[in-house]
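Below you'll find the structures, each written out as structure tokens.
Two complexes, one shared chain (subunit A), two partners (subunit B, subunit C).
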Partner chain A sequence: MRLTQGQFSYLPDLTDEDIRVQAQYAIDKGWAVSVEFTDDPHPRNTYWEMWGHPMFDNPDAAAVVYEVNECRKLHGGKYIRVIAFDASPGWESIRMSFIVNRPKTEPGFRVVRQEGEGRVVRYTIESYAVREPEGQRYA
Partner chain B sequence: MNDMSESKTVTGAKRYSAGVMKYAQMGYWEPDYTPKDTDVIALFRITPQDGVDAVEAAAAVAGESSTATWTVVWTDRLTACEKYRAKAYRVDPVPNSPGEFFAYIAYDLDLFEGGSIANLTASIIGNVFGFKPLKALRLEDMRLPVAYVKTFQGPATGIVVERERLNCYGRPLLGATVKPKLGLSGRNYGRVVYEALKGGLDFTKDDENINSQPFMHWRDRFLYCMEAVNRASAATGEVKGTYLNVTAGTMEEMYARAEFAKSLGSVIIMIDLVIGYTAIQSMAKWARDNDMILHLHRAGHSTYTRQRSHGVSFRVIAKWMRLAGVDHLHAGTVVGKLEGDPATTKGYYDIFREEYNPMALENGIFFDQDWASLNKMMPVASGGIHAGQMHQLLTYLGEDVVLQFGGGTIGHPHGIAAGATANRVALEAMLYARNSGRDIWNEGEDILRDAAKTCTPLKQALDTWKNVSFDYASTDAPDFAPTPGVSM
Partner chain C sequence: MTEDAQTRPATVDLAAAYEESGVREVLEELDREMIGLAPVKQRIRETAALLLVDKARRELGLASETPTLHMSFTGNPGTGKTTVALKMAELLRKLGYVRKGHLVTVTRDDLVGQYIGHTAPKTKEVLKKAMGGVLFIDEAYYLYRPENERDYGQEAIEILLQVMENNRDDLVVILAGYADRMDRFFESNPGFRSRIAHHIEFPDYSDPELLRIADIMLGQQNYTFDPAARAAMEEYIALRRGQPHFANARSIRNALDRARLRQANRLFSKAKGPLTAADLSTLTEADLRTSRVFRGGLDVDRARRAEAAE
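And now, the complex of A and B:
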């Protein structure tokens, strides 16, 4: 399966130049760009690990690409995303989010059904990867 | 025409002598009045009967929508009646529309109960719309003072928190209404939901008239839909949703259906405009209390929003719905099959999404409006749109919108999931191009064609719908063109 979270997961994987172009768009809007990674891609896993702080005062997206590649050195077998944060009044949340790195194989998720009365089913979605302890997921 | 700047108010004891008096003489026309920051202001388009003076007609609207009756009553003198009288303070001829006038009317805040659309509308669009001296009457816009805005809950979730809950940022959300809108069984209905969500949409949607009919009872639909939602979520790793329409004949039944949707883990429920303002406010409160996104389908609105001479403009309905507290509301597509002039539609979108609306006559917005930190509403663009229009949709409507391709998903020649994928690829390719600085308005077709080289479903969609457009004159364009002195 292919995890399709983020803005560009239905397009071919982004090159470093693609990442630079999109990150520069965010920077030019005044948003702070940051890099995050995880080995638990559950759709409701809100808090991926932060690769440093959001780059609040960085004017050049080349620095974002550099950090993505630094992150890849340690976490290249995991999911890495770039997000852009907008602190302006009335928003104060994320404006962009796109995946820039993914594991070689993506095992996906299983649906766990607990049958209840009146045909009601309680659903749980579980990533196959999290059956392994943290640090031992993916290759 | 009579002088439009002169007060006609009769004062002293003569004002209260028994009998009939012109509304303008009774104090409902005050050309020197400066509206207070706390006044509610309404702008009406009035078409007086032949021989009825525009100022008198405006005064009559002010009177009949506030304290007046057809004759003088001495009991006015037991009240602070000058305060409670609505005041028509300005009457302008409508450009290029002989016989029509814009009447500005100010209402003191104490005329209205806080937090009640029902009370506001009972005055503003109550008896006055049937008033005989007018041929036609249309409520064009309202200025809602901050003091009044703050008495309302506002959207239960709002655009920002909706995005946080859905884990979806920086792109329009994609949806589809399940078709055919009537007749599918629960099991078949869930199939459409599953295919569309798995293929790449974020949402599917019940149509306005899907409630609980012999071919599919509501509980059956909810159960099959949630199976589909969860399967699709697992297949993609994304949060998915389907608007479960809880519209029913009583509040008790709507609450029961909403509670069931909640118990199944749905992120969103849906209601129809026809349930009425108080029912909408009640469901908005329920949605806020239960962390539920609330989608409103504007079923019925065209009966009173579409004609320019009579009724209520949709921009006013949009303002009331932002106060009432829904999260999603249909607002037009510009390019699709339903009514929607581009400039007028921009006005609606601004009312949905901005913190502050400056006056913009070219978009039909007559007043500055401060939303006082009420959440933003997500506009929904639905009706006759397809992947080949993606550059136009993104340009006109921006990012914070739900683009709903019903026929444009389900009608795909290679199936529902292929249709969904075509829309998602078209969207992401267009967004990527826009962010890269490309001129998507002029290069849009090239961008789509390039994206289709690596996406067969998109190529099939473009081939199927390449010549489909809906190019009809709009019945509700703004009265003022952007350039002063040139009217449309």
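And now, the complex of A and C:
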């Protein structure tokens, strides 16, 4: 199952040139671009690991592509995303976020039903991947 | 491939490309703003022509590789290396070889860390900042310190070389420094020599050129020499050249700054009654003649020379 989070996730995987152009757009808008990775693809997992510091003062997006490729060398089997943070007053939030790297096989999610009091059933989802300990997911 | 061939133009108009790219303005600016430096200007014009032709060749599909653009600027201090690097960055941007055309100036301190593991992130940070533009490494030979084999400079050099090779499309590196020390640096780091295509030498300015530079510097700040002061300046340049730590145009700028200081002091202590704009913007002979250069330089240097003569 293909993970669809953030922007462009229904499109074919972005090439390095695509990443560069998108990141350049963010930089030109004055947003700080950073690279993050994770092996826990749950949609509510907002805390991905940071790959280095956010890039506040790089005028060219080639630096972002460089960092993405450095991250791929070490975490090529995990999800990697590029996010753009807007620090301007009133926003102070993420403006862009898109996945630039994904594992070879994505096992997807299962529905977990919890029986509560009475006949109440609570539903949640869980990635098949997170059944393995951290670091051993996605082989 | 066939589609590519169809979209390719059959001919290229170099003159039009030259006009369109705005290279002419940069070259004219260079001619206008920089005094002397004839061999440098010549080399830059040649480089611009090469890059323009190369671009045209790529449009016709005759070449596909990005040419190596890394350069080394060698010359004495104050000969305009940084200023020319700025112009070069603009030139490269207009020709489409770098995307942003900004200049990041660094020295050893910005690249090399103090502790183990400190250097690589520092160097990479600088390289990322320079991507899309030009990285100007002043006094590059300080990176290599053969006397200390545990020096972290070597680590910075390795990262630099790797990025210079792999990210040739993303940034251009200019190494700058004194000619003889740069030569020794290249000898001990053959990796650099082979990755640098353009070696440009900056000659020292002649005395009349320095005088013209002084005129221009003053003009930019709305000051002028009176005729006696200009003669004093001429004499000053000849004397200053013979003294230690002569740094071409930089020495001239410092001399003028000090002359302005003395002029301000003179006006403040002596002037009575209202001053005209001309009074405020004229440097007189006295402002220059008080310089220690006319008395044989700094006291320390004079003492040292007397010692040597004994």
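Quick note on the criterion: the second predicted complex is superposed on the first by the 136 of 139 C-alpha atoms of A that agree within 3 Å, B and C clash if a C-alpha of one lies under 4 Å from a C-alpha of the other, contacts with A are read in each partner's own complex, and residues count from 1 in each chain.
Heads up, the rule we're going with is that a residue touches a chain if its C-beta (ideal position, glycine included) is under 8 Å from a C-beta of that chain, and two chains touch if they have at least 3 such contacts.
Not measured: the values here are computed from a predicted model.
Overlay on subunit A: subunit B and subunit C fit together in the combined arrangement. Of the two partners, subunit B and subunit C, it is B that touches more residues of subunit A.
In the superposed model, subunit B and subunit C sit 100 degrees apart as seen from the Cα centre of subunit A, a figure rounded to the nearest 10. When the two complexes are overlaid on their common chain A, residue A:N58 makes contact with subunit C while staying clear of subunit B. Looking at the shared chain after the overlay, A:K73 reaches neither subunit B nor subunit C. Look at A:K104: by the touch rule set out above, it reaches neither subunit B nor subunit C. By the document's definition of touching, of the two partners only subunit B reaches A:A84; subunit C does not.
No C-alpha atom of subunit B lies closer than 15 Å to one of subunit C in the superposed arrangement. Counting contacts as defined above, no subunit A residue meets subunit B in one complex and subunit C in the other. Of all the residues in subunit A, the ones that touch subunit C in their complex are 52, 55, 57-63, 66-67. On the subunit B side of its complex with subunit A, the touching residues are 160, 163-164, 167, 169-171, 200, 223, 226-227, 230-231, 233-239, 263-265, 355, 373, 376, 421, 424-425, 428-429, 431-432, 435-437, 451, 454-455. Those residues of subunit A whose C-beta lies close enough to touch subunit B in the complex are 1, 3-5, 7-12, 18, 21-22, 25, 41-44, 46, 83-84, 89-98, 108-111, 119-123, 125, 127. On the side of subunit C, the complex with subunit A involves touching residues 99-100, 102, 121, 127-129, 131-133, 167, 169-171.
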